[in-house]
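Just below is one structure, and these are the notes that go with it.
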Amino acid sequence: MHHLIIGAGPAGVRAAETLRKLDGQAKITLIDGEGEAPYSRMAIPYYLSGKIDEQGTWLHRPVDFYAENAIDLVPGRVASVDAGAKTVTLEDGRSLAYDKLLLASGARAVNPPVEGLDGDLVHHCWTIDDARRIAQLAHEGARVVLMGAGFIGSIILESLVARGADLTVVEIEDRMVPRMLDETAGSMLKRWCEKKGVKVLTSTRIGGVYEGGGELNIALSTGEAIKADLLVVAAGVTPNIECMHGTGVESRSGVVVNSRMETSLPDVWAAGDCAEGCDFSTGDLSTLAIQPVAVEQARVAAQNMAGIATEYHCALPMNVLETLGLITTSFGKHDGLQTGERATALDEEQWRYIRLEFHDGKLIGAQTAGHVNMIGCLRGLIQGRMPLGPWKDILLREPHRVAEAYVDLSRGVS
Amino acid sequence: MAWAKRILRVNLTEGTCKAEPLNMDWAMDYLGQRGLATKYFVEEVDPKVDPLSPENKLIMTTGPLTGTGASTAARYSVVTKGPLTNCIACSNSGGYFGAELKNAGWDMIIFEGKADKPVYLVIDDDEAELHDASEIWGTSVWHTDDWIKEKHQEPQFQIAAIGVPGENGVLFSAVVNNKHRAAGRSGVGTVMGSKNLKAVAVRGTKGITVNDPEAFEKAVNDAKAVIAGNAVTHEALPTYGTQVLTNIINELGALPTRNAQDVQFEKANDISGEAMHEPRRTDGKPNLVRNAGCFGCTIACGRISQIDPTHFSVKDKPQYHHASGGVEYENAWALGADTGVGDLEALTYCNYRCNEHALDPITTGATIAAAMELYKIGALTDEDTGGIKMEFGSAEALVAAVDAICDGTDFGKLLGLGSKRLCEKFGHPDLSMSVKGQEFPAYDPRGIQGMGLTYATSNRGACHLRSYTVASEVLGIPEKTDPLVTDGKAGLVKVFQDLTAFVDSSGLCIFTTFAWSAEDIAPQIDAACEGDWSVENLMKVGERIWNLERKFNLDAGMTAEDDTLPKRILKEAAKTGPAKGLVNGLDKMLPEYYELRGWTPQGVPTEETLSRLGLA
Amino acid sequence: MRERGAHWPPLSILRQGSGPLKITLKLFATLSGYLPAQAHKNVVEMEIGDGATIGAVLDSLGVPRQQVHLTLVDGLFVPLGELDARPLRPGETLAVWPPVAGG
Amino acid sequence: MDKALVIDVGKCTGCRQCELACSYEHTGTFNPARSRIAVFDFHEKGRFVPYTCTQCDQAWCQQVCPVGAITNEDGVKVVDAATCVGCKVCTIACPFGTVNYEPATGKVIKCDLCGGEPACAAACPTEAIVFTDVSVQGFEKMRAWAEKTDTAPQANA
């Protein structure tokens, strides 16, 4: 039995590890498209801020983890897949046969249609190699412009400030992290960043980027232009599914998977950022591109590949973000349903906010700013679909008592 | 170490909050909490100050052990000049508030002046800020607690507050924290109200260290083992709470009944600790839900009760149908035996209301009892009571009277004076069972003679918690003495007073002394704190505190004539029980006590005594 | 501390002396479980043999001596050492508690 | 894991000795705010509920940790503070809320059973928290509660 896994990010590695546990004999191959030691993107901001070195980003230490577990790490990028012949062809022409294939090829950063994003002073912050380049340019006092204040932008923002950069953030939408936070929280985060000395330009578009004299001239939709030593582009990611073209696999933005992480092709599974599966919050298909979902999907896919039928009951969107010390989270249907009920509590002075969304006596979504204590309970309540009973009315008034509600509902014997 | 070494000074007039270092020289002489705060108080406040004027100050204070892992290290005290007594006041409470204050990094808060409008103080570790309390002024402790947590989105706040009576000058208002733990006596909550200070909310996350961690761990574990191995602290108190005393003291003929006209109550067993365990006829559930501990307490004597929802007191009031603090011995006595009411559910309701509105239940019950006697002799009329038939034994009258105090009706305002001023106003001062303006608690000094001296000499007015000789005279702790004799009681009272003074200054609960001797306590303090904290030195600290308090009271205008007991206790013999025919023999004990204290026959500490204690 | 077995069965002791007499027995707190079935709220009136001591009465009900801490006869304290020497007289009330404390 | 923390809610008096012991064990200070076990006070129900990690089999925290800072040592999920980068993903992934981020240290903390001698159980005066054989019925009951909120992928086999 040969399990072939495309992609050595958290999903690929988790799948390989799970497969090895379930089957001591199978051949397991992990194709690493970046040619690096498998690492975690989640750790990049901490590498950039100097909190950890490169090794600190590695998915597993010691280095001989893969050798010890007989997982073949093959550097290379996959050019195509032949699902009929059950082979994978790499860009360098090598061909690998498989019995079972897992697509865990992840996603990649994309550029918006803006002129001048291909210069040497413009970088994404997605791969460890991107991070190395940024580290060279984002020195103390460097003028850095960050394009995009989404999840990735906001998480590396802190690293750039930690490096001593003079930072300006440019975001098209009217607030920071618009897909994760509402107007109140997103605006609070903006004010927070501004208080910490970061310029944040929302509802602003970068019109063009021009390099000259070793610096960048960045034109803004407001008519202004700013000079910079580095532009970091964090304008979104797209699933890496090009290698599946021609296989006939069902795909939308990602490769579509069912509850067992099976694609429409026999013996081909997908997990992580490249997979498009059921979204817990909407019941629709979506690519969530988040760490917890990627590893959970990978484990489920691996179990199924090993012959243990396992279902995955939809992915719950959830995020946690620390931006210059302000921690924000969002869970599930954080913007709620029209037919639902909502509770919010805002303390501007203490930089705290919580918003809960209810439907049918249950919690369906939440977002917070400035709360850290027992925050995982929000996931428990939402994904466990726990009937709140009398707690719903209490939480409508006092949403910050959510941990208490959870403990009472799960452990209290009424 | 152990001390946070920092105090918070809140000037309510100016609206300022400032940190200052703790005076460590004073800490070495007075340990903390009761002793140290009293030292600060007497240094800063004119003894003749009007307790309800802005010139009075109010100190909330923790002990060095408060918030550490020592068993019962929950305590904080409120020190001020009491409006009920015009003496130094120091009321001690448990729950979670004190430990939280300490964990926020504060040994004490000194409140001075008076806010021009109602405020509450919020402490979040190092940050302290006054907030507008106009939305909670005029509401209960319970509402205030909920409101502040909701307002600040902080369920982890520990909150101490006053109720409406404290705002309105009811002279026996307490400070209640965690909704059912009270710094109960002498009207400390009334002082808070007079300063327009509604509540203090605190969140602490800084951590508390001790001087010698290894020695502390050993001392604390040894002491916990003593508590766990002692039948009183390991079985009786958790199971029955202090309420186990009701039947004992009644059998002894020392349960003051119907305003101390009698010394035995025929319905004692109906309101006892045993009764709280009995399934009720109506709903088959016992009054008692469970026992509860204060912060760090390995005894857990606290009572959590739930009132019978069909009982007349709460039938139409679902807001009282939940569990909350149940009656303790003193409360059951004051609200029950002393008023002649044997209805446990009614007492529990009244206890809830005392907690909800921060009233001292001892003075509340004893004042209602005095009003019942005034009513009986016709001195108080239906017109005065607003139509309430203030008859001994009437649960309806009791409930109505407590409601009247909480609601601030005309009759409630009369009762809010306390029994001394009430009885004076209606021409029968001798019917107030009080010393220095404060009602005595649940031990009749005719049946337990030592308690007579305890009450007469207590520095905060009549009180059992200044020298609990009941431990010896009734319970045989540390050794049994005869409750009916006066011999040897002067010495007993002095030792108990000094011991209690230092325990009250440590952060520990005095109830530990049912199991612990000073030899169990001293090593814990000594390991936690720098300095010498041998038993010998601690007893001297206790004596120093006692004399400091005494000196303040004398400077405030008190004299030896105030070291007395109600006429009834001194002249009217007990009618039943072992003490039948006896009055309290205070005149035999007091001169010996003064002498043992090193005081003149006029009850004034001699120069020699003062200099020996470093008070000259 | 005596073994309970030394006094078991205790009937011979209860019957010693000239004849039965009535006393009131009160057992409180955790001792209430040792009261005879006809007891009401910690109290029972019972017949004992003339000359029966406090100790004998307690033994007859199986009250463990190590749980007997505070003993009052008509409200007066009886030291533990005297329980077996103190006979109960007609009409007296014997009240007994395990180790307890209050506040 | 042979032994586990078994919590009997009915025995808890709310004294918080467990929080004191836990914080002292892990930080050297008495600081309930940094305890890995928390006692919830449901005052109006007359109920205290000590709450901490059950070392669940699913080990959400361990699974999601992007840098492998959480390991499974004989069933106990242990955070290696040196490896933890403070990304907090485990704090949102744990559906029980028992992994918490400490701003003071920039790391996450959770119950580690004190290396086999849990300080909370040793400090509990009423045996509301005992460290005992997992076969004890109370633990199964507790696990059952935990499973009510179980969001694990369900294995059909």
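We just call them A, B, C and D in the order they show up, numbering each chain from 1.
Just so it is clear, a residue touches a chain if its C-beta (ideal position, glycine included) is under 8 Å from a C-beta of that chain, and two chains touch if they have at least 3 such contacts.
Because the structure is predicted, anything quoted here is derived from the model rather than measured.
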By raw count of C-beta pairs in contact, what's the busiest chain pair here? A-D
Most distant chain from chain A, judged by the mean position of its C-alpha atoms: C
Going by CA means, which chain is nearest the middle of everything shown? D
Euclidean distance of C-alpha centroids - chain C vs chain D, Å: 50
Centroid distance [mean C-alpha coordinates] between chain D and chain A, Å: 27
In whole angstrom, how far does the Cα centroid of chain B sit from the Cα centroid of chain C? 37
Per the C-alpha means, the centres of chain A and chain C lie apart by a whole-Å value of 76
So which bits of chain C are touching at least two other chains? none
Quick check on chain D: which residues sit in contact with 2+ other chains? 45, 47
Among the residues of chain A, which ones contact at least 2 other chains? 373, 403-404
Based on the touch definition given at the start, go ahead and assign the chain network to line, ring, star, complete or other. other
Seen from chain A, its contact residues with chain D in the complex are 10, 14, 40-43, 45-46, 51-52, 56-61, 291-292, 295-296, 299-300, 303, 308-313, 316, 318-320, 322, 325, 327, 329, 331, 372-381, 383-384, 386, 403-404, 406-408, 410-414
Using the touch definition up top, name the residues of chain B that touch chain D in the complex. 67-69, 71, 96, 99, 103, 178-180, 204-210, 213, 224, 227-228, 238, 289-298, 300, 302, 304-306, 322-324
Within their complex, state which residues of chain D touch chain B. 10, 13-17, 20-21, 23-24, 27-34, 41, 43-48, 123, 125-126
Taking the touch rule as given, give the residues of chain A at its contact with chain B in the complex, in rising order. 345, 347, 350, 352, 354, 373, 397-401, 403-404
Chain C partner contacts - residues on chain B that touch it in the complex: 230-233, 235-237, 239-240, 242-245, 247-249, 251-253, 269-270, 272-275, 278, 301, 328-330, 464-465, 468, 470-471, 474-477, 480, 482-483, 511, 514, 577-579
